[in-house]
Structure formats: C-alpha cells, structure tokens
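Shown below is the structure under consideration.
The first chain written gets the first letter, and so on, giving A, B and C; residue counts start at 1 in each chain.
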C-alpha cells in the first residue's frame, strides 16, 4: 500500500506514523531512480606520460580538462625523449604505465606505435577518428589499427631571432651555397652561426634530417619504400652527401665548439642569449626558446641543402602524439581525456602553447603563421616529407646514426663506416 | 737537533698539504650547498662565492614539486623491511653453515659466496620477467623480495665469519640446560652477534637506500618510487632550471648526511671492518 | 639433542676439552631453508635462465621465441660497440681499483701521522662513500659541464689551457667518470688501510728504524707487507664494484660520446630494455660474467699468494 493510495490515508488512525515512514521510503526510492545526473559531476583520475618539450601545452589542456570535470586529477610526468625510450617500454611491459602515453609515428624508434603496438589501444572507434586526414594514415596506423592521436605538426629547421636577422640584414637562404654564405656572414659578425647540442643523444640526428629532404627526397620521394624493398642502401644514397655536408659545417667552423659536450638546454640558451644565431632543432622546442629568451621574436627556417633552389625541400611530420595504454582502453578517464584532447578548442590551446601548426582542424593563429612562414611556403608547394626514420623496421639504425654522429664529430670514424653499420642494422 | 727541526718542518708541510687536499676534496659538497642556497639568477655573476643571504626557494620548491617526502618514506620502507629479512635469514643460514661441520656446509657456503663475485646482469632480465609473472612489478614488494636475495651472500659471509670465531661453550651450556636449537640461537647466539649485526645493517642499509637501477626498472611508471628514482625523473624533467635541480639534490642528500653525522663511528667501523670479514 | 654430560649444574664446558660428539652436532635444515629459497629464486634460477636465453632470440615479451644457437655470440664478436664496451669495462675497473688503492693508501699513511686535522679529515674523505651515487653524479655532471665550475676555476687559476670538454670528448669523458667514481670510493680504501696501519705493532716499525731504515724502507719492508691482507680485501672489493659500475656512466655520459664510455653494464641495460633484444643482451651478460669471474679470481690468486709470502 503506497502513500499515494487514498484508501491507506483513510485508515490513518494508528497507522499514520508507519504510513508516513513508508511514504518517505517510497519517495526516496522514486527520487533516487529518476534523479537526473549532471555530466559535470563526473570526475576522472588518470596519468599522462608527456614529453618535456610538450609539457607546457599539455598542462594547458589539463587545466581546461580539470575545469570542465571538477575533482579530476591528471598526474603528468614529463621526460626527455631519450628517457621516454626506455621508461615507456619498461613500464608498459611491467603493466605500470600511464593511461595516456606519448608516442611517435612509424616504427623507427622505441616509442613508435609500430614498436609499441601490442601495448596500445585501437582508437578507430573514437569520435575523432574520422577527423584525422587520410594522408597521415601511414603515420598513425599500424596493421590497420589507428594507434595515435596526432595534434601538432613539427619540422626541423633553424630557430633564429628575427629581430637580430632584420637588423643585420641577413636573408634566408634557398640553396646550400647561400646557406654557407649566410653562416660566413654570421661568423664574421662575431656570433656563432649554429649552436650545436650533440651531448643530448637525440639531437644528433636533427641536422641530417634537416638536410636530407633536399638531397634525397626532392629527387626520389619514394626513397623509404625503395629502401624497404632493398633497391637502395644508405651507403650508396644521398645520405652520404648529407652526412658529409653535416661535417662540412663543423670543418668550416660554423658549429659551436665542443658540440658533444653541449646539451640541448645549453644549445637553446646560446641562441636565447645572443651568442649563437640559430639552433637546428625540432619546432617543438620553440616554447623552451621563448622561456629562455624571455621574448617570442623567433622564427624557424628550413635548411636548404641543394644547389638547385627548386629542390629545396624540408620535413613536415606529425611527430609526437598520444596513445591509450591497452590496459586502460576501457577506462572512462582515459577515453574522456583523449576525446577532450581532440576537441577543436583543446587543439587550439595545445597548438598555441606549443607554437605549432596542427594536424586536426583548428582556429587560425597569426603567431604560428608568422613563425612558420618560410616552412608554409614549402608545405603548400608539396615540398615536404615526413621524418626519414618512421618507416624503419627497428630502432637500432637510428641509435647507430645518433652515436655515429657523435663519433664523426669527434673524428673517430668515417661516414662510410657509419652508413655501412646503419645498413647492417636496418637489414638485420 | 737538525733532525728534530726537519721533523717539525715535514709535519707542518704534511699538515698544510693535507689541508689543501681536504679543501679540494670538499669542493663538490661546497658547491652543492652554496648553489642550492643561492637563486639561480646569481650563479652567473658569482659562481663560487658563498651566498650573501640564504635563499630557500630552491629547496622548498623542489620538496613540494618532486614529492620527495613520499619517496623518502618508500625508500625507508624498502630499507627497513629488506634489512630485517636479511638479518634474520642471513643469521640463521650462517649459523647453519658455521656450526655444521662437513663438506656440505662448506659447499653451501661457497654457493653463497659465488653470488658476491658474479655480476647480477645475467639474472637481470629473467628476474624481471619472473617478477612480472608474479605480479609484483610496480610494488615495493618486488624490491623487498629482491634485495634479500641479492645481499644474502655478503650477509652470510659476515655472519659466518663472526660465528666461527665465537666459542661454542655458551651454546653448549644452553643446550645442556634444555634449550632447543631455536632457543639457543635466539637467546644466546643472536645477542652475541650484535657487533656484526650492526655492520650488516649499515652495509646493507646504505646500499639499498642508494640503489638506483633496480627500483627504476621495477617501479617505473607506478605510483611508487624510491628516492634515487624520483631524483632521476625530477632532474630529467627540470633540466632547464638548475636552481630547482640543485634544491632537489640537496634535499635528497639530507637523510644520508644526517645518518652519517649521527652514526659516523659505526659507519666507518662497519665499512672498514665489515669488508675484512 | 642434549649431549650427555655430568655437569648438570650448568658449568660451561670450556674447562674441558671439546668432545668430538659436540663438533658434529646437527643444526636443523630449516635454519638454512628460507635463505636458500630466496637466494635460489632471486639469483640462481634467473642466472641459469639468463644463460639459456643467451641462445635464443627472445625479445623479453612474446611467449614464443626461437633457439638460435651461437648466433648471438657471433653477432657480439662482430659488433664494434659490444667489443669496445668489454674493453672499457676493464679499463674502468682496473683504473679505478688501482687509483682508489693508491690514493687511499696515501691518505691513510698521511692521516696515520698524528695530525691535528686527522679526525675531521677522516670524516671528510669517508663521507662521500655513503652518499647516493646517482645524486652525486648529477652534481658532477654540472661540475664537468662546458661552462661549469671546473672550467671556471681552471680559467680563474690561469690554467685556461686545461679547460676541456670533460663530457664531450672521449678521453676526458673517461677521466671524468673515473674522477667522479674515485671521489666516492677513495675514502673506503683509506679507512680500511687506516685500520690495517693501526694494527701494525709499533715495535716492528721501531725496530726497523733502530736498524737504520729510512721512511721509504720502513714503508717497503715493514708496512706494506703487513698491509697485504687489507690490500687483498680492498683491491678485490674495488674490482668487483667497479666492474659493475653503472649509475655514474649512465648519468654523466650515457655511454657517449659515440660509445667511448660504454661498458657492459650500460650496454646490457640498453640492449635489453631500450631495444628489447633480451636474447642478445643475455649473450652479452654471459660473456660479461665470465670476464668478471676470470678477473676477480685471478686477482684473488695473485693477492692471496702475496699475502702468504709476506704474512
């Protein structure tokens, strides 16, 4: 007999208290069943393993996530990529990895989706999956599964202070000869032309990668497939010319002294303090450069390596993105965060904090346009290629390249020897 | 007379020379202290001088940002638990080895000693795999199982040597009074081993507190971290801010420094005497 | 098992000759069992498993792998990085062991003279031994950096030409690692030698002096021979510890530049955990284990013989 039954109310005498209690109980039960739950009452706990260079952008997104879902906490740890190479794999194998991880496309280093594919979840069912340009399929998919969410594009070029170049009348080069001439002018003015940070392991490959597009990919955009098929080898390709040009920069005295003893932080600080004119690094380092210099008047210049201005190519890659730990693929928190990350507002926040062009659609950003102007020209003309190592079958060849550059700079080996060992590792 | 003056001169030279050596030797510690207590902006202008005013910003920021408190607690937990296990199991096994005469016990002794000489790297990967299968990775339990295994050889070496030098008469008297083996061990032998137990605790405790690679592997990515691991992650993250880094280094050094100053005699005796066995 | 004895009053048996019966008194097996169990589980079994994996191509994760015989070892022989790291392992171990003992002995001899500063100096030199190597390595990394305190001090002292890229050039990098390691280990050798020196009966040195021996001769013919046991202990201990050196190399140079400072420890770690080539890593470990065993046993043999000759 419920309280709503008029007959029970008629029998109030002696049973009024009991019926009142019954009414209360029934009311509560009804209320609990039908009470609408507000979406904002959800709160999520998750961990994020981020790359140091993306700490500031990631934090910007985390702050907005926590604002949208109060009570949530996103525990972010940041590490340099060399550390991530080991810690990501070890923690995934141990089952202790964060729910959301930083990964890279392809298969050519320890944190690529190819190398980690057994540990990360398929994102094809997520709402943002259709928004990722099909042209990036080769980068973000492995075995047909969508394994990473790319947010920003990155390139490798010389980050330089625009005001200094303007006041000295230095113009951006379009051929190798012009580039050498520019360095000569910089050197004559008393500044170090190129700050080098080869003490940090992953920095070694960057100048090679900056030069390769003009030398190798301008002539043969299918170089990666050819190498895969064995039709061509590193030792007999434009790689040799690229490495020799790298060393030429050192011979001509354009690199800062003691490159092997300089870390990337010191390298960036040399440019920030005005001692050096440029640092050839990934565009992801712009945020740190701003922090060290205390101002944002920088731009990034692609590095030409050919004598023909029409063969001036550069890199354009979805470099680091985010993946979901396979163990956490069903976790509400991880899914919520990934979806939030892919929303246009988040992409804007991330990209402007990271000062990068984006992969996913986003709002126009005049600062990014200014900084990447020279790169955009090449990008729009289709004269770009992804980072060379993303199709490599194992991470060994990259490691031999990095260590090999250090040895070359120290005069301990030859270009032929390094390329031969890279070929051996690639083909193993 | 000339000889006496020669001695005095030599002594003075030696004293001065040793003082200079001490100053040079102390330089890294001097740097750690002064740089951590100066704001980083002043490092470039005055790299080697004493701080004009003690600046605690670096250490307080590092203390909160690096979660050093929980790391220290984790380290302490692992050290205490592992050391207790080592003392009990090591002493028991060493008693067996030392008091049981025969080729078997000597063979077992050598079996353990081999573990002191052979490098652990060969076992590194298979043990990691075992820990994973046991589901222990990501928890301090993995370390509390690992360190006793690793340090039992040294512990048994120390205890066995000591027990062998003990006269058996006390044990015999006790067993004649009706004590069983366990009671003889617990009430007679163990108390007599206090000096060597001190050495065991100090040598193992210092090693475990300072160990880096194994906690890095076993706790990577989890909510647990020992002090060296936390410092490693912290420095990797904040490498652009050396002031903060030095603050962290100084705070992380403090527990060991305090322990050293409090226990200096025991530490020196433990290390010097312990290795001789 | 209570030995039958007439002294029921509990008088200690030390007044009697020990009976053979007591000498073979058994100790229960369960005294040994727990320690043995953990030791086998954590050390012995994994080491044997490691030897097995050296003959496979296991990547540490997949349940299936193939037996590949000696392929890993052949690869090792032809791998310049692996061969170089084997060499560097010994270079570091021998350099550190020798220098640690040389300087440790010198410091002990100096401190053994009744100096006024003896106690504070002893504390100072020993303190780094207990500090965390990982943390101290970050301190040294800063000291050795190109714009860091070491180069600054050298410039201020007018020794500008001695400024080097301490961590960027191969030879200075090796020296830097040796210096950083020595700083934390010389104190240990010192206190062991100090204890040894203090146990030398004064009459011996006095007698030698009365016979007309000068200080060097006293050192050579009395002190050093008496220190032979201490020498064995410290040298063997140094060798064992520095053969396994990891933290300092990992932090200061990561094995670089190139692989100029790569040792077996760092190489095994990278191979197994960064590149997931655990089969190959195990093969390297097997070679490493044999090398360490050979060096340590050889050193023990030489030093023990010296002890007996002089003891």
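By definition in this document, a residue touches a chain if its C-beta (ideal position, glycine included) is under 8 Å from a C-beta of that chain, and two chains touch if they have at least 3 such contacts.
Remember, it's a predicted structure, so these values are computed and weren't measured experimentally.
Touching chain A and chain C together: B.
When the interfaces B-C and A-B are ranked by how many C-beta pairs touch across them, B-C comes first. The mean-CA centres of chain A and chain C are about 42 angstrom from one another, to the nearest whole unit. Chain B and chain C have centres, each the mean of its CA atoms, that are 15 Å apart. Chain centres here are Cα averages; for chain A and chain B they lie 40 Å apart.
Contact with two or more other chains is made by residues 90, 93, 263 of chain A.
Each of the following residues of chain C touches two or more other chains: 60, 273.
Multi-chain contact residues, meaning those touching two or more other chains, occur in chain B at positions 217.
Contacts from chain A toward chain C in the complex involve residues 82, 85-86, 89-90, 93, 110, 115, 118, 198-199, 201, 257-263, 266, 394-396, 399, 403-404, 406-407, 409-410, 412-413, 421. Residues of chain B that touch chain C in their complex: 11, 14-15, 17-19, 21-22, 25-29, 31-32, 47-48, 85, 89-90, 92-93, 95-97, 99-102, 108, 112, 115-130, 145-146, 148-150, 152-153, 156, 167-170, 172-173, 175-178, 181-182, 185, 206, 209-210, 212-213, 217, 227-228, 231-232, 235, 242, 245-246, 249, 252-253, 256-257, 259-260, 264, 267-268, 271-273, 275-277.
Chain A makes touch with chain B in their complex at residues 47, 49, 52, 55, 77-80, 83, 87, 90-98, 263, 265, 288, 291-292. Of all residues in chain C, those touching chain A in their complex are 60-61, 80-81, 145-147, 165-170, 254, 256-260, 270, 273-276. Residue ranges on chain B touching chain A, taken from their complex, read 132, 137-138, 216-222, 233, 236-237, 239-240.
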